[in-house]
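Chain lettering (A, B and C) follows the sequence in which the chains are written, and residue indices restart at 1 in each chain.
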Amino acid sequence: MMVEEVIRYQYSNRRVPGRIHVSGFASVSVLAMIVRMATLSKVMRSAQRKLGMFCAKVFAGLFVFLVLLTGCVGCFSSQKEDSDKVVINYWEKWSGFEGRAMREVVDDFNDSQDRIFVNFLKVSKIDRKLMLATAGGNPPDVAGLFSWILPVYVENGALLPLDKYAREAGIRSDDYIDIFWQMCRHRGHLWALPTTPASNALHWNKKLFREAGLDPERPPRTIAELERFNEQLLRRSPVGKIEIMGHLPQEPGWWVHQWGRWFGGSLWDGEETVTAYSPENLAAFQWIASYPRRFGVEDLLAFRDGFGNFASPQNAFFQGRVAMVLQGPWMYNFIQNYAPEDFEWGVAPFPGSGMESGASVTIAESDVLVIPKGAAHPREAFEFIRYVNRREVMEKLCLAHRKFSPFKEVTPGFVKKHPNPYIEVFIELAKSPGAKSPPNMATWAEYRDDLIAAANRVSLLEGTAEEVLREVQERQQKALDRKSKRWKRVEKQRMKEWDEL
Amino acid sequence: MTAMEGKRLRIGLLFIGPWIFGFLLLSVYPVVASLYFSLCDYSVLSRPVFIGWQNYGDLVFDELFWKSLYNTIVYASLLIPLGFLVSFALALMLNFDLRGKGVFRAVIFLPSLVPMVCLAVIWRWMLNGEFGLVNTLISPLATFLNAWIGTDFQPPSWLQEAVYAKLGLVLASLWCVGNAVVIYLAGLQDVPRHLYEAAEIDGANFWHKTRHITIPVVSPVIYFNSIMALIGAFQVFAVPYVMMRGGNGPDGIGGPDRSLLFISTYIYQNAFDYWNMGYACAIGLILFLVILGLTLLATKISANRVYYAGS
Amino acid sequence: MSVARRNRRLRRAAVWLGLCLCALLFLAPFAWMVSTSLKPLDETMLLPMKWFPGKIQWHNYTEAIEAMGDFWLYAWNTFYLCVITVAGTLLSSALAAYGFSRIEWRGRDKVFLLALATMMIPFPVIMVPHYSLFKALGWIGTFKPLWVPAFFAGAFNVFLLRQFFMTIPKDLSEAARIDGCSEIRIFWQIILPLAKPALLVVGLFQFMYTWNDFLGPLIYLTDNKDFTLALGLQEYQSQGGGTEWHYLMAASTLVILPVLALFFATQRYFIEGVATTGAKN
């Protein structure tokens, strides 16, 4: 999994330790080891030999104990499940407050009826884990994925098409903001329903603007202006170390592979051609490369090495080290938690080529719920997905996620109730024609990794924008051809299977 | 074959039964299967489909494969000689039988016990460009040198720069030479005393003795350790993978300018991130051939130079 | 003569000092880790750095445990796997080593060479077939791929035990055979008790191996409940920015500690064991 909004999904994983008796036992054994270590340094050699033997015996004893104990634990856990309810395993990637929000929805669902019990499990690195579990024939019934991972799952036949279920449940495409509905479709079928969507926009630090003599209420509107502001905001220490910067394409760098969008570019033609080496993407990469040229490679590296965790007061934006960042609607929440009291900020569309014509660019992404192929209870699983896609449930979830609803219509007061004062900016951006989703191609994981590495290369001045993009273009075209070939081989059979379902 | 021999064979095979089973299932089958998969288009979820030599054909033109191979070779050719020098020097020093030898030996051995993941986490912090211990230690040295010779050397941001990232990884790996040190030390202690005594009568000094007695006598151990280091270096995975935070860092899985993309990493990526298991198998077999070839080469080179007692 | 002796003494002093310096260098990362683990976060990012925290923060450890998720569960999983794999390795490797050393059968040494050759196969090469094999067995997402192979005698352990078994005089088994002892009884009642130190070494190696293993759990485990400490630590540091250095170092310390404890408890065997791995064969 790569740098992206993804990074954030486990920023804090605080859970109460489970199985108390187990943890107690483990801690005792660790303690025993520590005590042994402390006493041992003085024990003489012959005694050490005896102790070695003693260890072996202890191990043998522990082994027997262990086997018995696991047996017991197994008994207990199998008794726990309610026998007359259908139990649905639900894998979710989010932890932290997002995870808690989803858990609440799950609890509500479990309380709302007495037929189905949803078992909420937190799974990290879910895009890989779900694939492994599905391949292993032991998938969960529902999983919360990121929208951009769908194509590769679909083309490998890892998911269940939801068209029929959705039709039966009366789910209509018209209800959803178009871009989020389209994300859930691939190769002519519906594979998922969106849950918590997001778009991204420019966040700027008003205090730094003021200190630099800029109008704190006026964000930049073009890239050129952004760069002018950047020069004005730059501050170096007497010895030349960078202390404050206006903007840095790599902070936070979650969308560093898609900067071309703001220059009017795209990453593929939607069919079979990769368009990494296009004038627009070139412009974007030249822009990235201009930073080390202007500010010095070493200086930038040292500057970045000093940044702390995203979700911490050491975040470069909260600390006032970087004045403008590209971020999503959740940012407000982290500002509240980690930024200093007097932090002043604003949100506006990120400047880009289409801005004057009114088409501000944003990258729209969404969390989605899917049913893996081989799930034991698909019908019940869909019932849960359907429940989450009720307007009021969805709004509650999205509010708790600090995001907005994927539905076109929201209940009156949703925006007013939303704790993010700038939420409308994000909603408008998502609805605008400038909203783009990551390319829905089966090679996106490779492509993205490749673009990140390419951006990294130009930022170290190890290659020019032309060089790196030409390489990406060639390699990714080949990768796409390979996957297209694979798809063509199974296309007919898959389509038939899906149509039957 | 007599009845006795037959019985022994049966019993012998019975004893090694578990091994035979494991050998067939976990060594022979995987290698054969790997051969077959490498000729297939195969993702975890679909059946392998035979496509002939295409994976190998793609390999030839895959810059990333060559890059990962290059990185692996550079890493190995830095680590193996340096590791030898460091560990052999330490073993020679320990062999002086000085006061506190046991403590020194234990201290030097300790780091090789540290789990790979911890090692990577610790060294990611050690090598931090701003606050890391390594830079704290070398920056006075750098200032001194700069003032003295007039160079302009700045302590680097180790894990963010292509060249230094690899050096940083080598540094972290050198911390774990303890295993080799212990093995060398055991070898050194087996060198017959009388050889030294004879040399001393001839007026040989320490370097002469090391060069003409110690190294030839422990050459089998050097050979063994080098082969082990070779196999280890060519499989390096966990430390760079964890150092780059499984690809969650800003530099992606391969590090700055992909200088930490090793063959194992590339195999793993292809198999489990990019759904190209057949391709991963093809790369794996190439890795196998490279290791095999280098081992044979090492054996051939050392054939005349390794001294075996009694020959 | 006295000059020579003085020279020798000087040299020994120089070597001793050199060793001291090396020891300090080898210990520095540990000291740095512990020092960082006891600092508040802002003190880790202080220039110039300090070796001693202004105020010692023991609670970093409890907080690191919490931040890692189910630390105790991971510890338990790791320990569980360690114990099973040690048991499996000891049993299977001892059997195989016995078959390779104490019984004379035709072709034995050739087969043994074959066993040694398997040590040459790098794991990344057979990773995919192993995965598909365990997938076919339905073992993905369980502990089985991590411990079942231990019951099929790895070549390295067999080699170590065989080296040791060879040193036990042949007459011992011959005498027992003449008395009508079955091979399994000779193995169990005569050879194994004599081989305790070697078994201990193999057990220790396997314990360390399982404790440290990362790639295996990374591939086979799907559920966070099943994570081992190594995997849990890597997961934790790959989240967020991975710069909560005080917690990361505290967690690392906790993961290293049991291994070090085990080492100190069995140091002599351990070092001897490592030394024999390089023995000429």
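Everything that follows uses one rule, which is that a residue touches a chain if its C-beta (ideal position, glycine included) is under 8 Å from a C-beta of that chain, and two chains touch if they have at least 3 such contacts.
Here the structure is a predicted model, which means the values were calculated and not measured.
Novice: As a test of understanding: of all chains, whose mean C-alpha position lies farthest from that of chain C?
Specialist: A
Novice: If you tally contacting C-beta pairs, which pair wins, A-C or B-C?
Specialist: B-C
Novice: Once you find the CA centre of chain A and the CA centre of chain C, what distance in Å lies between them?
Specialist: Taking the mean C-alpha position of each chain, the two centres sit 35 Å apart.
Novice: Averaging over Cα atoms per chain, report the distance between chain B and chain C in Å.
Specialist: 16
Novice: Residues of chain A that contact two or more other chains, please.
Specialist: Counting only residues that touch two or more other chains, chain A contributes 7, 125, 132, 135, 306.
Novice: Which parts of chain C, given as residue numbers and ranges, touch two or more other chains?
Specialist: Where chain C meets two or more other chains at a single residue, that happens at 45, 135, 219, 239, 242, 260, 267.
Novice: Indicate the residues of chain B shared as contacts by at least two other chains.
Specialist: Correct list: 44, 130-131, 246, 248-249, 272.
Novice: Can you tell me which positions in chain A touch chain C when the two form their complex?
Specialist: Touch residues, chain A against chain C: 7-8, 10-15, 17-19, 22-23, 25-27, 29-30, 33-34, 36-37, 40-41, 45, 48-49, 51-53, 55-56, 59-60, 62-63, 66, 70, 121-125, 129, 132-133, 135-138, 306-312, 314.
Novice: Across the complex, what residues on chain B touch chain C?
Specialist: Residue positions touching the partner: 1, 5, 8-9, 11-19, 21-23, 25-27, 29-31, 33-34, 37, 44, 90, 93-94, 96, 98-100, 103-111, 113-118, 120-126, 130-131, 133, 136-137, 175, 179, 182-187, 206, 220-221, 224-225, 231, 234-235, 237-238, 241-242, 245-246, 248-249, 263-264, 267-268, 271-272, 277, 280-281, 284-285, 287-288, 291-292, 295, 308-309.
Novice: Can you check the complex and tell me which residues of chain C touch chain A?
Specialist: By the definition above, chain C touches chain A via 41, 45, 65-73, 75-76, 79-80, 83-84, 86-87, 134-135, 138-141, 196-197, 199-200, 203, 219, 222-225, 235-236, 239-244, 257-258, 260-262, 264-269.
Novice: Spell out the part of chain C that touches chain B in their complex, as residue ranges.
Specialist: Against chain B, the touching part of chain C is residues 11-12, 15-16, 18-19, 22-23, 26-30, 32-33, 36, 44-49, 92, 95-96, 98-100, 103-106, 108, 111, 114-115, 118-133, 135, 149, 151-154, 158, 183, 187, 208, 211-212, 214-215, 219, 229-231, 233-234, 237-239, 242, 245, 248-249, 251-252, 255-256, 259-260, 263, 267, 271, 274-280.
Novice: For chain B, which residues are in contact with chain A within the complex?
Specialist: Those residues of chain B that touch chain A are 41, 43-46, 49, 58, 61-64, 128-131, 154, 156-157, 160-162, 246-254, 256-258, 269, 272-276.
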